[in-house]
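All chains are identified by letter, namely A, B and C, in their written order; residue positions are counted from 1 within each chain.
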Amino acid sequence: MTPGDISAFAQGAVVTVALSVAGILIGLPVGLGLALIRWARVPVIGRLVALYVSILRATPLVTLLLLLFFALPNVGVPIDPYSAAILALSMNTSAFNCEIWRAALLAFPKDQLEAAMSVGMSAGLRFRRIVLPQIARASLPALVNEMSLLIKVTPVLAVVGVVDITRAAVRIGAETYEPLPPFLVAVALYAPIIYGLVSLQRFIERRQAAAEAA
Amino acid sequence: MIHDFGIVWDQRGLLMSGLANTALLSVIAAVVSLLLGSALTPAMMSRRRAVAGAARAFVDAMRCIPFLLFAYIVYYGLPSLGINFDNWSAGLAALMLYNTAYMAEILRGAWAAMPREPIEAGTAFGFSGVRLFRRIVLPGLVLSAGPVVGNQLIQIIKDSAFLTIIALPELTHAASSIQSRYYVPFAAFITAVALYWGLCLVVEGGVNVLRRLADARR
Amino acid sequence: MNALPHPVLNVVGVSKSFGAVEVLSDISFQVGKGETVCVLGPSGSGKSTLLRCINWLEKPDAGHVYLNGEPVGVTSAGVVMNDRRLSQIRTRIGMVFQHFALWPHLTVLQNLIEAPLQVQRRPRAEIHEEALALLAKVGLHDKRDAFPARLSGGQKQRVGIARALAMRPDLLLFDEPTSALDPELVGEVLVVMRDLAHEGMTMVIVTHEMTFAREAATRVLFLDRGRMVETGTPDQFFSRPATERARQFLQRYAAEAVTAQR
């Protein structure tokens, strides 16, 4: 590999990580917001959120990405590849996060809320001080799992021209007519990140199980 | 806009064959990977360290590689080692191998979570070996792992869309070619999304039937 | 029953139905300062629902609740209170739950401090000092940094009581505080409750502990199928019940107590 290749991979890695982090940081609170709308059974909007989640969970990221990238300019909203990538990732992961948060909310014990009401906590305070810390803990392993799934689908962002790890590998392979080595380098870049998240998830699950057993 | 959907309607033959290919690819990949996975599961639980270690390493490796990259390696990378595929065989092989690891992990989890007592009762009533597995273990395994396997099928359907990149004529590829020929991106891709959604609703319906069966037998 | 001049709690004609089932029917009673009122009755008689209607965890279908003469839940103009207004009133009504409902993500001490700090916004030093005193009072000073999951049921419930007291409530509600406990742990909770009764805390207690009710209550309410069938001093109720239903109820308890002793 030439120094140019190495720097292409390094830049690609930065792009992959940056887009993933952006997707995660947007997807987490948006997913929570969507879950709260469903949990509160807001009329009409709650139904719409359920529909949004159902459709997005069934839509491959590549299809969603192509839709956003080609159709938005068509209706007068110009969008560059990176914005399209972040938008597609956030929409995709927010739908899955919504289901994770919602499961935790549905399993949340009613008497915990009542105890908070009985000491006069307002709705905002109840959510912030009593509900959120507990559902965040309960959702954490599933949320980390979703993060690793998100990173695993990022290579598809290259189809609209995002220059990430995968795109760098494809380009180098095409230039050298030796596609295998750059792909293996790409694997060596992705695997530790994903493995790190998978290990983190296992670690959290083990620690929580141990805390419950004690 | 209505005119755009008119164009998509005119090209419905292309979309339908794309949908059929997506469904075909996904079902074949799911069935084969389930079979291969169920062969891999006992290896993961083997008492022989080397066997268990090798099986675990394969499963962990697959779980840490993005599917698209894996498909690229199979389609573009392996030919440089002298192994040549057309895009259909490469796509299908990648889907099957990749999901074998996930299916094996799903079955292992379900097996490990199975209550011991019914199996011990089976042994006490004289079942053993293959018959014990087929009559006592397998039914419970199918019921408990079934819904998760169904979710994995949805994952396979979505993964198969990545194969548009190696020009496999599945649903996303069909929508893509309609959009590039007639420049009707919204109509073409929204229709594809609707078809994926429909496909997944069918799978989810099946999963729910299985879940009800399992709940009644808990 | 004579009307008290300045009752802490005044319940007037409270009714509540779940679907077609009438759980409470036109319940009225008053609780004076320093009284310990025990609500007795068979399971499903509406005792817990009555308690939950007092602090509006359950919205009564009809009737009114007054705390120190101020309406709870519905303003004098007849408008249902918003969350904020209702929360303010609830700070003055403490509640102890059957299954403790301690907040599992907070330590024992944090459970006590949380609401006085966040809701009442009293000075931290004062709350801290008071919380430690309360923990000493319920015998759990050494558990202040433990998480609820590490405590026994009896210890959890004593923390539950201390948490309610930390709000300096005018009235304390107990919803079957010992029903979820192993028999050998019931005593330690009843001791704390008895002390509170002697100190003159105003309490409404839903319970199945007949001995406790007889010894500690200033007054007993007997509910059956959503109606208040009888009320009186423990002495009257346990020795000379006025109604046939109360007699049957007490007989069954006496029989169970004898069986339990064997």
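Following the convention adopted for this analysis, contacts are C-beta pairs under 8 Å (C-beta built on N, C-alpha and C of every residue); 3 or more make two chains touch, one makes a residue touch a chain.
The chain lineup, named per UniProt: A = Amino acid ABC transporter permease; B = ABC transporter permease; C = Arginine ABC transporter ATP-binding protein.
Predicted model only: the values in this text are computed from it and were never measured.
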Most centrally placed chain, judged by C-alpha centres: A
Maximum centroid distance from subunit C, chain identifier (CA atoms): B
Dominant chain pairing [most C-beta pairs in contact]: A-B
Centre-to-centre distance between subunit C and subunit A (centres being mean Cα positions), rounded to whole Å: 46
Approximate Å spacing (C-alpha centroids) for the pair subunit A, subunit B: 21
Computed distance of Cα centres, subunit C from subunit B, in Å: 56
Of subunit C, residues touching subunit A in the complex: 55, 57, 83-84, 87-95, 97, 99, 101-105, 114-115, 118-120, 149-150, 163-164, 167, 173
Subunit B partner contacts - residues on subunit A that touch it in the complex: 54-55, 57-64, 66-67, 70-71, 74-75, 151-156, 159, 166, 169-170, 173, 178-180, 183-184, 186-187, 190-191, 194-195, 198
Subunit B residues within the subunit A interface of the complex: 60-61, 63-69, 72-73, 76-78, 80-81, 154, 157-162, 164-165, 171-172, 175-176, 179, 183, 185-186, 189-190, 192-193, 196-197, 199-201
Residues of subunit A that touch subunit C when the two form their complex: 109, 111-112, 114-123, 125, 129-130, 133-134, 137, 211-212, 214
